[in-house]
Structure formats: C-alpha cells, structure tokens
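Note sheet for the following structure.
Read from first to last, the chains carry the letters A, B, C and D; within each, the first residue is number 1.
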Amino acid sequence: MNKLTSFIQNQRQNKPLLLMTHVVYGYPTIEKSLEIMQLMLDNGVEILEVQFPFSDPVADGPTITNACHHALEQNPKLTQCLQDIKKLARQYPQSRVLLMSYLNPLLQPGFTSLAQQMGEDISGIIIPDLSIDHHAMLDPLSNSGIAPIWLITPDMKADRIRKVTEQAQGMLYCVSRSGVTGQKSTDQLSTNQLSTAPKASALENMQGYLNNVRQFTSLPLAVGFGINTAEDISALKGHADVAIVGSAFLNAFNKGGLEAVARKLSELQA
Amino acid sequence: MNKLTSFIQNQRQNKPLLLMTHVVYGYPTIEKSLEIMQLMLDNGVEILEVQFPFSDPVADGPTITNACHHALEQNPKLTQCLQDIKKLARQYPQSRVLLMSYLNPLLQPGFTSLAQQMGEDISGIIIPDLSIDHHAMLDPLSNSGIAPIWLITPDMKADRIRKVTEQAQGMLYCVSRSGVTGQKSTDQLSTNQLSTAPKASALENMQGYLNNVRQFTSLPLAVGFGINTAEDISALKGHADVAIVGSAFLNAFNKGGLEAVARKLSELQA
Amino acid sequence: MNDEGRFGQYGGSYIPEILYSSQQQLLKAYRDAMNDAAFIQLVKSEMQTFSGRPTPLTYCANLTKMLGGAQIYLKREDLNHSGAHKMNNVIGQGLLAKRMGKTRIIAETGAGQHGVASAIVAARLGLECTVYMGAHDIERQYPNVFWMKQLGATVVPVTTGAATLKDALDEALRDWSSSYEDTYYLIGTSCGCAPYPEMVAGFQSVIGEEVKEQSTQQFGKYPDRIYACVGGGSNACGIFLPFVGSDAELIGVEAGGRSDAPGDHAMRFHTDQARFGIAQGFATKFLQDEEGQLQPTHSISAGLDYVGVSPILADLEEQGKVRMTSASDIEVMEAFKLLTRHEGVIPALESAHAVAGGLREAAGMSPDQHIVISISGRGDKDIFNIAKALDDEPFTEFLQTYLKEESV
Amino acid sequence: MNDEGRFGQYGGSYIPEILYSSQQQLLKAYRDAMNDAAFIQLVKSEMQTFSGRPTPLTYCANLTKMLGGAQIYLKREDLNHSGAHKMNNVIGQGLLAKRMGKTRIIAETGAGQHGVASAIVAARLGLECTVYMGAHDIERQYPNVFWMKQLGATVVPVTTGAATLKDALDEALRDWSSSYEDTYYLIGTSCGCAPYPEMVAGFQSVIGEEVKEQSTQQFGKYPDRIYACVGGGSNACGIFLPFVGSDAELIGVEAGGRSDAPGDHAMRFHTDQARFGIAQGFATKFLQDEEGQLQPTHSISAGLDYVGVSPILADLEEQGKVRMTSASDIEVMEAFKLLTRHEGVIPALESAHAVAGGLREAAGMSPDQHIVISISGRGDKDIFNIAKALDDEPFTEFLQTYLKEESV
C-alpha cells in the first residue's frame, strides 16, 4: 500500500476527517509562505499542499491565481522550493507534504529528476492540467513511491472513474463541479446542475457524489468543495477522509495575516 | 445695335480702354456696398458690375466667394438689390450698370419677371453658370434689350466661339484660362499651359487670344485676367475694350476700406 | 437620359464656360469607354479582384422573426473594400481617368468616405490625388482625413461658407476649372453636371444587377421592396435602377435629422425648403430659401447631409417610380442598434436610415413578401458619433488615457 | 492529426479533468459535423452570404514594378465581414455551437478582433456571448470593446497576471470549466487543446483553398511562395495547409517587436526564450524562462503578441515544411506605408508583418515567380496605434476637440 494511503488510514482511526491545507510557495514572499506552512503544521494539519506557482494556473480561481502571480515576482525556483518543503516535511513527520503545480514548471527538470529531488519526503503530487490519459508521464514518480494524485469530478462517467481508480495511488482528489478553486460551494452548485436545489439538497447531492466514488475504490477520498466554514467541514464527515481547504486560508491571510490564518485553522479544527 | 454696345463704342471714341469694376451687393453691408458703388461711379468708372450674392458661387475665387458668404448674412433680397442699383444707374447716366449672379437666385423670380424688374436701367446680365447652350432661357431679357453677356475662354474651339458670337449682345466677357475670379494672371498662366513662359510671353499669349476672338466678332471685348495693377491694364490697351477689375477692389477694401478703393481706382485710372 | 443629360426637368449641365471643353472631353471619353467591352470588363474585374465583388445578399432570420412580417435581406455594400459602395464608383471613374491619360484626380468629400475611396483608387492606379473637404468636416471626420493622408492624398481644407460638403464641391469645381488638362474630377455621388449622374449611377448599378441575380437565386423572385438611404443618391440609384420597370417598389430614405425646420434635416423631398433649383452644375431639388440660397443641412450621419439630390431620383420620384421617405436621427439610432444586436451587422449611420425605413414597413407586410435593404457602408467609421450619441463613458476615458500617454 | 490531436510532439490535450467530458462532447460533435455534408454546406453558405467569401486575390502592379522581382499578390481576408480572417473561424464554430444545442459562447480576445468576430456571430445566431479580455488590453483596444458591447456581448475584464491575452485565455478556460453544459468555448486561433488547433485551421483552410483556385485561374499555377503573419497561427494555417506537399514555399512571419530581448517580441521560433512547453491546454513552443514560466510579449500589433503558437505550425516548422521568419516593429511600419500608399490597401498591423516578410524577399526573386501575401485583416482598427507611431498631431487635436465637445 502506498505510504500516503496508509498514513491517511492510520490517522483516520481516531479522526472522522483529516484536514489538508494549501499554501502558495512564495506568497507573499518565500519566507512568509514558509511561515504559513509552519504555522499550519504546528497546528497539526495532517496534510500540507504546497503549490509551486505557475504563470498560467488555468484550474485555479481568482484568489489563488492572484497569489501565484504575486509569488512569481519573488522569482521562485522549483529546486529551492523542493528543498524548503522537504526540510519542513522532515521537521513535521506527523504530517505529510504534497507538491502541487502545473505541467510546464515540472517539465523543466523532467519527472525523473523531479522524482529524485522530491525523494522520500514529499508524499504525492497534484498536477491539475494533467489528465489520467497521460498517467504514463508520471511513472518515474510512482516508481519512486510518490503518489500521483488524480482528480475526480462530479460528472465523470463510470468508465472514466474506473480508469482513474485503476491508476490511482495515495488518495483521490474529489473536486466540486466548478472547475476552478475557491468558489463558494453552494453558490457554485446552485448556478450549475442543481440550480433549483436548496442548500440542504445540494449537500445531499454532494454526499451522493462521494458515495458513488466510494463504490469504485477503497482509497481515501479528499474533497475540495470550496470549503470555508466549520459547517462545510462537518457536512463532509462520514462521507470523505480529507477536507481540502485552499482559498479560505489565502483569503484569511490577505485580510489578517498569520493570525487570521491561525484563527481560521482553529475554527475549522473545532 | 444693343444699347450697351453703342455705349461702349461711344466711350471708346476717346478712351483706349474702359474700366469695369465689380462690387458684391451686401458686402460688407448693403449700405456699405452701395457706398462703394457710388464711389466708383463718382470716379467715372464706365461700367459697374454688381454681383448679387449666391451661396455657391462656383465660378468665383476665394476673395469673392468669401465676400458673397458674408453678404448673405445680411439677408439680401434680389428685388431690393435691383431697386437699389437701378436707382444708382439713374443717378449716373454716364455709366452703365450690369447685374451678375448665379442661376438659382435668378430662377426664383424667373427671367420674365427679372426682365421687368431690371427694366431700362440695367444694361446687361452675367450668369457664370449658364452656358451658351442654354441661351434660350434668357430670351425674356434680350427681348427687353438687356444684354446677356456671354463668356469667352482661352481654349474655346472656333465653332464654340462662333456659337457664342452668333448669340452675343452688348459685349463679350473674355476670361483668363483659370476658371475662377481673382487669380493673379501671370501666376495662373504660368501654372497652366504656359508653364515655362516668362511674363512677357504670357502677355503675348493673352494678346494672341484676344486677337483671335476679335476675328469672330465686332462686339466690344471686356477682359478679366485677374487685373490688379496699372501695368496689367496698360498691357490690354489696343487689344481689348474694357478691363474688368473685381477681386483687386475687394482686396483693397478689405485692407483699407473706401479710401483704399479710391486709391486703387486712381491707380488704375492713371 | 437624353443627350443633354436631362432626367425630366432635372439634370443637365450648368457649368462655367471654362469647363465646357473638359466636360465635352469627359462626355466623349465616357461614351467611348462604355462602348468598349474591354473597358467594361476591366471595371468588372477590378471590382472583383480589388474590391471583393459580388457583395452578398444576407438573410436576417432574427429580425424577420421578431417583426413577423416580410422576409428581410441586406445587400452588403459594407463588405466592399473601403467599407462602402463608394468604391464601385471610384473604380469605374478611376479607370476612366487613367484611360483618358489624366495623371491627377480631384474629389470633394463630406464625411470623408468618398475621399478615402478616391485616395485608395488613386494609390492603386498611380494617380495624384487632391481631396477637397470642408474645414468643419475635417475636424469632425479626422480619422478619414488621416487615412487619406496615409494613402498619399493631399487633403485641402475648404474654409468658405459653412465649410462643409457643399463648399468642398464648389472648391473642387474651381480646381477643375483651372486644372482640367491633366486632372480628372471624380465626383462621389450621382449628382453634378452630365455625365456624372448617369455615370455614377451606372457604375453603382452593379449593386442592383447583383440583387437581381441573388434574389432570384435565394428566394426565387425579385424583392417586393427595396430600401436605400439617399444622400447624393448613388447607392439608391445603384440598387434601384436595374429594377425600374419591374414590380419591385423602390423606397429612398432621407435624413430626417432633428426636425423639419430649416437646417435641421436633409430632406430634399416633402419639405417646404425643398424646391427645384439649379446649382453646382445641375438642376434638381435643392434645399433653399425664398431667395434661392442653398440651405445648411443636418443629419446624424455625415454622408446624408447634402443639399441637393440626384436628378435621376428627383425625376423618378416625380414619375412615381420611386417613393421617398425619411428617418429621424432617433429612429436611425434605434435601427442601428437593432441590426447590430440582432444580426451582427454594424451599418454605417447612413445605411441605418435605410434600415429604419425598411424595418418600419416590414412588420406590416406578409411573410411571403421579401424586402432588400441596402447596407451602403459599415459603421466602424462612425464610432465617434455613435459613442457620443450613446454617451459611452469608457470611450471618453479611453481617449483621455490615449492622449495622456501620447503626451509622455 | 492523430487521434489525440497531436502534431509530432506538439498539440494534444492538457486540460483540467473537469473539462474532460465537455472536450469529449466537442470532439464527437466536431467529428460528426465534419461528416455531415449539410453542415459543411451550411458553413460554406454562411461564409458566403454573411461574410462575403470568396475574398479576392489582388495583384499589386505598383509594388511588383517598384521591386522588380516576383509578381506580388494579396489574399484579401481584410474584406471579410468584421475586417479579418477571424470571421471564417467564428462562423464555423458558431454553427457548431448551435448544432450542439449550446445557448452561450465564451471567447478570449487580445486585440479584440476575435472578440468582435465572436460577438458578431453570437448576435447573428442568437447566442449569448461573454468575452474575456485582459483589463490592460481593454484599455488599449477600447474601440473593439465598444463594438462588442453594441453587439450585445458581455466583456469581462481580466485583471490577473499581465492582464492581457494569455490571462484572458486562462479565464475563459475557467469559465468553461463551470459552464460547459450550456456554453461553447470559441477559441480564436489554432491553439488550445484538441480539437481546437485542427478545427480552427480547418475552418480557416478556406483561405488556402481559394488561393489554389484563384492562383491557377489568375496566373496559371500555384504561388511560389506564400507569406502569412503568425500570432496564434490561424491565418497562416488557413492559407498554408492546403499547400503542404505542393511546391509552394510557406513562410510564417512573427512579431520581431523591438528587439530579441525577453518581453520585447513574440518570436516563438529562433529565440532562446522559445522552447517546448505544455500550457493552456496543449504542447507547443512557448516563450518561457528557465523555470517554465510563460513570458510577457510585445508587438506593435496587438494580435501577434501571443506567448504560444499553433502546434500545427510548430510541427510543420520542425519538419521543414514551413519556414519561420520575423519582422520588427520598424519594418512593419515601413511595409504598412508601402502597401497603403502604392496599392491602396490598408493592412492590419498584424498583416503588415506578412507584407514586410514578402516584400523583403520579392525583390530577390524573378519576375516569373509569384508570391501571395495573406492580408489577414484591415488596418482601420489600428488607427490609434498608427497615428501614435507616426506622431500625427492633427489626430491628437481631433481627439482633444472631440473630448471638449463631449463635455459640453
């Protein structure tokens, strides 16, 4: 079993839901972003997702996109980023660190070199512009035990879900119907297929989606629905293994710095 | 013989060249324009050409065009104009008064009414946008003894000159090659067919033109070549019967008012 | 047209004697050219390979459905090179000038469309080009002046009179009077002394000829009604003339402007100020006062505010073969918006008059009837006027920013 | 193209999973449509009756004589409705969207030409239209935004990143991710994930197909060389593809900009910053730094400063079937002036790149050789840029006066 999978399963023994938080490397500065990560890890976040910024993050919403563009002004280097977060991963062995980025920055070293650079310390990788059809590109990573974390979406057909679950390692990243990060879950749902559904049935719908995915796989399910509040999180309990919170922290940071991040953390962990 | 013709021939008995001067009715005001006319007649100008202004005087150059447009702001009426200049004509029986205007203002009363209104006192009419081909339109005038004064141009073919001279009464109005009034004769000539000709040969050319016309008719020849100076006038002596001066007086008036007009007059009559 | 270039009581030649021989030369050259199959072919070929003819006949499914009346079609002169039907005429006359051995053309222009078209053809044929344009028009229509300059033309501001089209025309005539030996006067509409009305209408008739073919092909018969805006009258003559004598009803739409008061419109029909007159070389209906002075005009579209009108149309109207109507500035803006928004065709404000006329009547017609509206030109050129009419603030801001950067 | 939409190592699909099913739906609908003769006919007919195709092939007698080399011809995409070749593509994709039952289209635009074309087609087909445009581009190209609004489109300013085309594209992809059920993403050039490069190139191929016929008709053979400017690459693909495998040499001209320095040009070939990359849904040559971050670009023409290039062209260049060259801003202004002044055709500044490329080489060719230059669009739209480049004072004064009257 993949190390990330067993980590999550272990943690889940006594926690109904793990928290996976997201930080953009280099935003607002490299140092500050490392401080944010440290704060999260200090507060016991189980999984940290570090996004190495790319100039054209097509799968991200405005909050993360803006953070990426700002971060790029710091001239971040992927190699340095990996060194920095590997160090963190080693400092916080009770948590796991994942790398998230887009294809083009990752292509520069190439996946063989990337696997080497990520080594033992980075547990998985998320590449939102790479679909399951290209899974072979990531063989160097999975061969090194680094889990390529594939995305699941609500309107995936059964055979496509099967195609993903056949390849999947570590966990699955189940996203909301809205393509980009940082959208309010209920807003998003209501402007889409569930347009007339009240909030309650939107939730039901989301739970149905996760239950459906569950039929295809025993891997842990991580869910990113634009989760913002403790209420959002409690709705996931019993349906998912990991709640992914991204833009909410960025928004908090933008409003109130590290302290606001800490407050948001304790709110969500309550 | 037409009364205008006999007037000119009589005058020519003891004058080598008569002077025909031009005034725009209503410029700068109706009163002032009448004063200018009076001044000219007081100074013994033999023929006075009064232009009733039209909004679109296509055969006139910039000086006269501008004067016409200004005059129109005075809201001149053709009927009043005729009354005013008939009075002048009666006051100065030793001179002759001609009406000049474009077709459209003249069409409003129509030529029958116009002939009546012009009566005995206005000796002739000049309509620069009416060609000999339409001479029949002016029958009501010529039937009343008012001379339609036709234009002759330097590049007219013999048969066209003949067509004009067959119809012509009073005198002929020989214009420079340049189509519009108020152009410097020599400038004009030199920018056209005589481009390399020095002033002397431009003059020769002009004299040749008049001598040519003379072969077709015994009517008096009036010449408008953009005459500005006493020199211009003396060059015409022996070749023409009447020198027509238009823009030169307008220019003088614009610079120095009535006094300048008087000075110009005495310069040209010297 | 009879030999004197008359159309009923209209038309003819009323020009200074100085222009007689050049006009005779033109008349003869024009007749010669029209009898020369090779010349006709050359004009046709240049219209095709340079200007992109034939222009299509476009069906308006959305407006037809919205109005629920006649089937609505557009004749797309906006797709000509230079963006208007003006091109048809300058190609014909430009080639004629070349054939006559002239090395220079002069043109008058109001809105600047004919000036641009003339400058284009001059560049294309290697002729010198001088364009007379009212100083006031130059100020209002500078973008067109800019293009004329880029095309190598000399633009001469005319400051006499109201400093608009009428005065530019006078000035062009004056230039021609002293330059006709090497210079061809390229008149932009179906006005002026003979043979211009006939000639311009003739070169523009390609529009109607194409409509004949296209309507037959696309809906199996001639249109029931054809609408065209009428400035000088060239696009109207062009689309109408081939249909005179057919069952198609021909409707000209004039600039109704702000009101019927003198100076507020350019309606040479059905107003008190519109009467028979002779000026600028020909007889037609002119807007004039009791003294026969030509009147100022107004229209939201710079190309329709001409004081006279084609003698051909004046005559056809008198004969009952053309019906004249008008559209006010306000109706025109509405029609402009409708066509733009519902058919994706941005008409010139001139052409929007024809649209207004056509849409106004289409609703009352039956679905088995077909109308064709002449889109004489495209609306891009009118952005300054339209943005002003619509009070578009961002456009103002855009210009302010542009000017600020300019000055850096 | 193979099944994955690859062209050699370029192309393919690298899109967020959320777009998978909508892309699959598009792929299927596109294949279906391409196998439906009635659809192909509909596209053809709309290209003709709405956009005015075929566009002519225009001979340049004056420039040919001046240069004394190859015979110079222009393919006149400037005569399309909307003034550029962009129309060909939006007609094809617009009809496809309609066929798929979509009620809304979205588009990204840089200079605004594709935005206007999309808004036109949306108005024409009764579709809602949202156009994403960099806030910076909106400021620079406001006239196009004005027209999009008049056409009923919603223009959404994109403020992320450099707030230009690249960012607008990202934003359009994001919209699509959450709206694909009723929304069709109408990409404006031969880029993006499969099937867009193939599809856009396919709809644009009408250009080259016409050139085949016209060149055979007008000079009895295919051209020896064909020049096209290359932004995303759609007009180049359109005119080139039908000639791949023939003897015609195909030359793409990129924006050389101010210099070879990063950010000063948009040369996706022959510069250090141009390397294989995967972004915005597909693999191609992108201008990027060592970290794989896409780079800012510059060109005097707003339509050529795209950071990537059609995968089809990247592949053809690699195979030696297309030769890539470039023209600097300065050369482009010279070419613009030459064509305007000597042929009466005002090219878009984008197209003036192709003119620069063609004229540069024509002189060295022999008079029995023939070149065709793609005039992808007309230059009217560029008046603000050109007036600035030429330092035209009266234009500035015109704007100042306009603004003064505005505020009254």
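Methods note: a contact is a pair of C-beta atoms (placed from the backbone, for glycine too) under 8 Å apart; a residue touches a chain by one contact, two chains touch by 3 or more.
Worth saying up front: this structure is predicted, and the values here are computed from it rather than measured.
Novice: Identify the chains adjacent to both subunit C and subunit D in the sense defined at the top.
Specialist: The shared contacts of subunit C and subunit D amount to nothing, since no chain touches both.
Novice: Suppose chain centres are the mean of their C-alpha atoms. Which chain sits farthest from subunit C?
Specialist: The most distant chain relative to subunit C turns out to be A.
Novice: So how far apart, in whole Å, are subunit A and subunit C when each is placed at the average of its C-alpha atoms?
Specialist: Here the centre of subunit C sits 65 Å away from the centre of subunit A.
Novice: Hey, how far is the Cα centre of subunit A from the one of subunit D, in Å?
Specialist: Here subunit A and subunit D have centroids separated by 37 Å.
Novice: If you look at subunit C, which of its residues touch at least two other chains?
Specialist: Not one residue in subunit C touches at least two other chains.
Novice: Which residues of subunit B are in contact with two or more other chains?
Specialist: Within subunit B, no residue touches at least two other chains.
Novice: What is the shape of the graph in which nodes denote protein chains and edges denote touching chain pairs (line, ring, star, complete, other)?
Specialist: Contact pattern: an open line, chains touching in sequence.
Novice: Can you list every touching chain pair?
Specialist: A-D, B-C, C-D
Novice: Under the stated contact criterion, what part of subunit D meets subunit A in this complex?
Specialist: 4, 13-21, 160-161, 166-167, 169-170, 173-174, 176-179, 181, 276-281, 286, 288, 290-294
Novice: Which positions of subunit B touch subunit C when the two form their complex?
Specialist: By the definition above, subunit B touches subunit C via 54-62, 65-66, 69, 72, 76-78, 102-108, 128-134, 150-153, 155-157, 160, 175, 177-180, 183, 188, 191-193.
Novice: Enumerate the contact residues on subunit C facing subunit D in the complex.
Specialist: 48-52, 55-59, 62, 76, 78-81, 83, 119-124, 126, 139, 142-143, 145-147, 149-152, 218, 337, 340-346, 380-381, 383-384, 386-388, 390, 392, 394-403, 405-406
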